[in-house]
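Below, each structure is written out as structure tokens.
Okay, so chain A shows up in both of these, paired with chain B first and chain C after.
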Partner chain A sequence: MADEKKLAAYICKGCGLGDRLDTPQLMTIAEREGKCQVVKEHDFLCSAEGVAMIRADIESDGVTHVAICACSRRAKVEAFNFNNVAVSRGNLREGVIWSQPDTEERREVTQEMADDYVRMACAEIKAMRVPEPNPNHGSNKRILIVGGGISGMTAALESAKAGYEVLLVEKTGVLGGWAAKLYKRVPDVEPFDGPVDTGIDALIDVVNGNSKISVHLNSTLSRTSGAPGQFSVDISQESGATITENIGAIIQASGSEVFDATKLDNLGYGKSPDVIDQVQLEELAKAANGGAIKRPSDGKEVTSVAFVQCAGQRNPFDDNMLDYCSGHCCNTAMKQAMYFKDANPEVDTNILYHDLRTPGNGEDFYRSAQQKGVTFTKGFVKDVVVNGSLNVNFKDAILDEVTSMEADLVVLATGQVPNSGVDIEAAAAPVEDEKGDEQTVAAKEEGVSVLNLTYRQGKDLPHLSHGFADSHFICFPYESRRTGIYPCGPVRRPMDISQAIEDATGAALKAIQAVENAELGRAAHPRSGDLSFPSFRKEGCTQCKRCTVECPFGAIDEDEERYPQFNEGRCRRCGTCMGACPVRVISFDNYSVETVGSQLKAVDVPDEFEEKPRVLVLACENDAYPALDMAGMNRREYSAFVRVIPVRCLGSVNTIWVSDAMNSGYDAVLLMGCKRGDEYQCHFVKGSEIAHTRMSKIGDTLEQLNLEAERVQTFEIAITDVDRVPQLIDEAVKMVDEIGMSPFKF
Partner chain B sequence: MTDVVATNETILVVGGGISGMTAAIEAAECGKNIILLEKSPALGGRVSQLYKYFPKLCFPTCGLEINQRRMKANQRITVLTMAQVEKIEGETGNYNATVKIASRYVNENCTACGACSETVEAEIDNPFNYNMNKIKAAYLPHNMAHPQRYVIDPSIIGTADADKAKEACNYGAIDLDMQEETLNLNVGAIIWATGWKPYDAAKIQPYGYDRYDNVITSVEFERMMDKFGPTGGKLLRPSDGKEAKNIAFIQCAGSRDRNHLTHCSRICCMASLKQATYISEQYGEDAEDAKATIYYIDIRAIDRFEDFFKMVRDKKTVEFVKSKVANIVENQENGNPILHGVNTEGYHRYANEHDLVVLAIGMEPNANIGEVTSGVSTDASGFIQVHEDNGGIFGAGCASNALDVNRAVQNSTASALRAIQVVNKVSGAEA
Partner chain C sequence: MSNSNAAMVEKYRNNFLKEVEANVEEGDWVKMCMQCGVCAGSCPLGNAWDHPPQEIFMMIRAGKREDVLTSDSMWMCTSCYNCIVRCPRELPITHIMHGLANYAHRLGIAPKMNPTRRFAKIFWDNVTKTGRANELKLSISLYFMDGIVAGIKQGLEMLPMGLDMLKTKRLDPMCLISHTGIKDTKGLHAMLKKAREIEDKRKGLAS
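Then we have the complex of A and B:
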């Protein structure tokens, strides 16, 4: 069916389009220039009748490609939602009549804008194919969980409860992780009056007893390859045996380690057995089992205990310490103080803190601790002196004095360090030498990998701040940069048990979603449901590897012949590979070098004597394009000399579009993408960053054409830049006015 | 009549803020059929009223755009706005929800062309801006409103204004006779994501929110930064419209307090740190006369938010005072609020005058599920607790606890799975 194209264009006359524009002229353009076999206009295209008219043409007249020349692609989406046809939207409303004043002198240029948007919409569909699902999809729906702590077990159980088979791999000989080492846990439901049972033994029993869950203890992943719906993993067992399993999606619940307290010798750790961390206190509490807790050095019952919060944490000044707060330690210290108080209210328990961080119902627990007589002192501990006794020296922040406290036992609240495997970006970063980069990468990798991915970009999930395998998204906490692999629990960010349980349950949903979408051969977030996927013409490929390096999601490997190997199931459809390809062999059915290139070439560029410059804007569809829409909605006016083409991501912008535009006589090209850098707001993570880098090198091309560098500009645009985007457009037109029209107008 | 197909394999999501949208989209993208109810005319909830998110200082509408696009493309989600649940009966896997849909007076023919709004003269308080300014009585709730459809305020029904609006519409979209509807939906599981509301600041008597113009809440302050907000994106204080430069933030306003909310509302420390950055955004990093003073008990910038705390702490324009402010009086001459209290670090009394006071207002649940069904476990603050007795009804987001956006999304995603478990059991898919 892909070859049997029938193009149709529909021109809407509603919302004032019919009053402001010469729609018969638009129809003529669609027919003659756009080569549409069916061209119709309608007074109210998004109405039930209008949509029915289009639907009838699709169903009875064999229309396969539909150009809707009406409002923005963001408006009336539900009305113009046709299955199995290619659709483009000519934005005549927000993009033309709403952004242009209704005046006599602007009538002509407004009409020219509309004419061009119709040409562009027709050119776009002409170059599009109707996307069909990825044929190389997998349909394995089994979920692999790495890690048998509370996060991993929760994810396993919740997946199983939804009807999915689970394989759980745990590197130690037992399930339970850190939670199993606790005497009791902090409560997460009312009443918040004291430590509660961890429930971990019961959870282990349920996991072991669930017929959908198979548990591999003493096992690690020695190889992970494939894509959602078709992962293949090697599970290496302690015995030396390796088994290979097929998997649909992966949840990485590899947890955290405790910060190495031996770095805290100023706090007495290692100098006295009575200076311990919070984990060791749990061991003592377990041994006491509700009775008096005894100190390690001589078994004496503890009569006074000092809890030193933020030990080795919240310290950005020392590379050996943690910058961040581990979140759980304030509640944990209160719980541990209660171990003492509940056994013997006479025990002196002091919590020395900077900020007491017990958000939510932690506040109720805090109140309970106060009622039990736990003492809280806002102070900054300087050191712990071990000299027969233990003396904690600190600055009391309330009394504003340096003072000291003696204790039988000192408990250091050290933090969580993520067990997130190899830092692949640090390993890959300084390579940049000409020969054999793979070897250099391999040599530089440090640490033990958790996943041992065979991906070209490295063995583990990319890390973000402080080594956590996080997504760094606020709105989308699970979106890692490896499709079908979802981190959860403290490997993702510091967290306590109740948050880890929520997190693991959510991750289970994402894993299930990944396998369900993989089976249908369609994309995961953020282009959920998109059927298009990248394909490439092997004959033209020069094996330059840019696509494999630049893919923000590590979706592209290399085959034995060193050609790129697209793992479509791992692809998020941003098009960064397409933007990267110097020989332009990568394309999507409905988004390609051709679909955009033919649009920009379809624009009628007036000759230089008409004094009508043309400025091309390539706008990120998620931020810059909506900002332009909202500018239109609020009737912010901007130059009629601009032509806007939405792109999936600025990363998908191929420099050929820029040189084509220049060769076609455009006077300027503006690229509008999202904020880049560490605090990026690009929904494809790196696309905007990459585009900026690419465009910084476009100067040579412009020089060859003998054109001024300022004719091509790249901007970081936020969706809220409703006033700024029109300004930038007007400034570009002004700039053209100053430096003169392009000499490339024919 | 609203035509909705629902079965006991359908999941009903109540509340169309970030939590409800997330739960709906995530479940729909697993292949489930969803009905999403929203009480107001548009989705987005409180996050759509935020200027920026912490800790990235990015714009909430960016994520909203992604979510709305996912939603528009997904034919498994039915969105019903202006809809409220009146009653829930039944049991896990088989609930009957009675839903009342208020009259919008605008039908799906609306193209959002705005002709009605242009002609209508009456104005109403703008709820999107916490009533700090006016909006035409025929309005699009905000720039990102989804559905992108106008609303006619009931106050003008029966007036000449309403008739003018109807006349102005070329598409037959205005139906002044539209009646309230009641739907009965049979669903398998219910996600209750009705969100939060700011604690009533007037109840905190010593702070004088009800008496002093220049004492406002954090949610109101947030709207001031929006270019489309009540002050056009400037920090103008209510009493005299002057630019507020010396701004105090009072933490735990209504939270961590036996007289008000006993819980810690979690978001307020980070929200004030974020809002402190608005001052340097407005007036520059080196502004001599612009200053944020944060009066706090503990700065609860947990986990990696510590980085954000450090960034804000290092700003020249931000100062911290460890103190629960005792009371506020007004300087009669200039309308400045004067804060009284004791800085507990060193125990110094103070009487500090500021241009504007922002109360970091606490968070309480927006809707009481106990009013529509019995047997769902809630805690002392009214948040829905995870409990076996809740059956196939699951709290999500701030209906379940005081959460920031990231945690609300996490929790909603988890709740979506819990609901899927129920409907999979109904369909036999889990067997």
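Then we have the complex of A and C:
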């Protein structure tokens, strides 16, 4: 391909570009400096006519690389979508004329900005290759579902309905999960006024009767390896036999356990059989089957019952308790109080809560519970004294007094604990042995793995917080950091039946998206459809393992010779490995150390006497770059001394770019990425965080160059920071004014 | 303790909520309160109340019968209807407050010297006598409700205003002698008597 490279640059004169900029000069630059064989301008490049002109050049003139110098790469994506050519975009509209005032004194610097963006677009295509699909792709489209509860069965049915074959693995001997243990469920249909049938038996029958779904009961996964479209799993059966199956994508619906109420002995659990949790009450209700519920100790019909909400939950002060709200327990308590009220309205039912949370139609359910005479008392339960009778001592938060109530039965709302397997981050905390090699301590592993992944980075999905399986909670709820594996249901976050059903449907769609993209050798998401994939030059690799450790998605394993082994199917194309590599041997066809490096070097840096500093911005294309575009759309002005290069993720920023920029005479480098940490907004979860860590260590390098540390700054930018981004740029230019120009200008 | 009160205590034992539901106007609604506190925050006289409506509802549910019925809180309600307008659960709070006040009064355990209660009683007696309010007599009854000395004192205080009203014909001194009531006063009295009989029978109150 390299020999046939033919570069073309197109300069648009529409949207006011022709009026504000000297386009003949831009064409000369593209031709002389950009070395483009074909250079054309057009009055309205994104029009059918303009696009046809480009297409004609591609088809009849053999153009392979196209630099479109017009609007932002985020605009007119569909018009400038050409197959089998490499495309770069010079952002002359949002990035230049819309962000610069149309005044006489700014005309010169505005033109310089446009000149540079044309140089950069030409330099970028020169370093690009036309991306081709991943050749190591799999095309298996079967979907494996781990867990046969309501989430798992829903995901199975939804996948089967969409025409995909499903394998459902359930560790117990029956389908149904927790839902099958309920007497009735919280209503999901009008008029939301009382408990309704769970419908679980019908659902189980449908699943069992579906020819596309094969169910494995009493089975667990003992090994999972591969990538989307080509997973291989070992299913261990009760008999001891193991079968191996090939799978396209996996949905993890391993659900939750009930919080261990024995930790709540202050609430009387374990001291009296009449203090029970919500699951035990469901058993009593099932036994009563609509009749009077009898208490466990002596079989007496219950005449008064106290529901203690948030038992062992929402307590960040005690390590043994849950920090979070499990979400369903308020509705569940109301439903259970209705079991009593519906059987006998004379039964005294009291729900002791601190904050009642009944989102959505739960509000109607709450009203119905009040109408049925369930008493709601806002208070903080201190303890339950077991002394022949049960006395619940609590502080009434409305009447501001300590008081107590007697009850035949006390029901504790204990909440959900995710069944998310091994905490791989805790298990893999590295310790160094004498040789300096990292070793993992097996003894730290707690719990039983659900997936038993053979991935280098651990056996299960990473946990996000409180032990819940990771998912990209802010943008892509079902996407975990393991491509092709989608958690849904309460393993992902606390939820009730209705939410779990919705969640399972979403996860099924994600799984389908993954297998379909895998078949075409493309990225699954969030860069869905991206053909490029990382490759590395083995001869140059020093086996430092930074790429394998830092990959947020566990896509890189190690082969027997300890070289990185890329699993392209698992890769999300963020480029974090490329940013990590100290010897710069990792690259994508259309995104590499060179594509960005040559752009920043293409910029014309004026000497220091011209008093025109240059500030390089490496902006994450997901949030920071759109924020800059929007600043342009809103005509927010910023300094003309800035040059912006979009990057796939801040994690892909290789420190060589920063030192190259410094050596080329830039006065400052700003890195703009997404919010990091527990509340991250980074599309690639860890990319921004890793970049911040790397950049915190760049001070030494700058010191060696005798440069001030503040010349390199890293920011967390949200897509809404439209006003803040221009401010940051202007502040950086002001900072350069104060500390002086870089001494590295030639 | 009055007989009615004793009877009610006996009848409902410790279930005050049931008693309120059965005997207090709009008492059915008490259980629907969700303790958001919007009524308490909306009441322009809120700081004059010992217990805001929200708290009264909670006290009813907690069975604090004595505290609720002898409280003067609900007597403070001026019927501005702010709470009714704002209640997200659409409770007729104003009506419930009046219902509670009336019930406490009927049981004979409402605070005896509460000015609202005394005014209400004087007004009722005044208006039911002839079926039409006699304003002059009402004012005089109010001035003299705390005795002759206090009545004369207050009457003298209001004398200038009374004379002004006389001049502008806003006050008819003849009312003292010949107040024109409705045509069928007897019929009205019979109606009121019957209405009370029905109510008492329904609530089980000994009249």
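Brief remarks follow.
Keep this in mind: the second predicted complex is superposed on the first by the 726 of 746 C-alpha atoms of A that agree within 3 Å, B and C clash if a C-alpha of one lies under 4 Å from a C-alpha of the other, contacts with A are read in each partner's own complex, and residues count from 1 in each chain.
Keep this in mind: a residue touches a chain if its C-beta (ideal position, glycine included) is under 8 Å from a C-beta of that chain, and two chains touch if they have at least 3 such contacts.
Remember, it's a predicted structure, so these values are computed and weren't measured experimentally.
For the composite obtained by overlaying on chain A, chain B and chain C cannot both be accommodated without a clash. Of the two partner chains placed by superposition, A:461 touches none, neither chain B nor chain C.
Of the two partner chains placed by superposition, only chain B is touched by A:76; chain C is not.
Looking at the superposed arrangement, the partner reaching more residues of chain A, out of chain B and chain C, is B. Legend: residue contacts after superposition of the two complexes on their common chain; A:356 is shown touching both chain B and chain C. In the superposition on chain A, contact of A:398 is made with both chain B and chain C.
By the document's definition of touching, of the two partners only chain B reaches A:494; chain C does not. By the document's definition of touching, of the two partners only chain C reaches A:376; chain B does not. When both complexes are overlaid on chain A, the residue A:367 reaches chain B and chain C alike.
In the superposition on chain A, A:512 makes contact with chain B only, while chain C stays out of contact range.
Of the two partner chains placed by superposition, only chain B is touched by A:46; chain C is not. The superposed model puts chain B in the path of chain C at one of 23-31, 41-49 or 113-121, which is 41-49. Put simply, chain A uses residues 356, 367, 378, 398-399 to touch chain B in one complex and chain C in the other.
On the side of chain C, the complex with chain A involves touching residues 17, 31-32, 34-35, 54-55, 58-59, 61-62, 64, 89. If you check the complex, the residues on chain B that touch chain A are 18, 25-27, 29-31, 53, 56-63, 65-67, 69-70, 72-75, 109, 111-113, 143-144, 148, 170-171, 226-228, 255-256, 262-264, 266, 298-307, 310, 322, 344-347, 379-380, 385-387, 401-403, 405-407, 409-414, 416-418, 420-421, 424, 429-431. For chain A in complex with chain C, the touching residues are 356, 366-367, 370-371, 373, 375-378, 396, 398-399, 403.
Chain A contributes residues 14-16, 44, 46-47, 71, 74-78, 81, 158, 161-163, 188-190, 314, 316, 323-327, 355-364, 367, 378, 397-400, 465-466, 468, 472-478, 493-495, 499, 502-503, 505-506, 508-510, 512-513, 516-517, 524-526, 528-529, 622-623, 626, 630, 633-634, 674-675, 679, 681, 683, 718-720, 722-723 to its touches with chain B in the complex.
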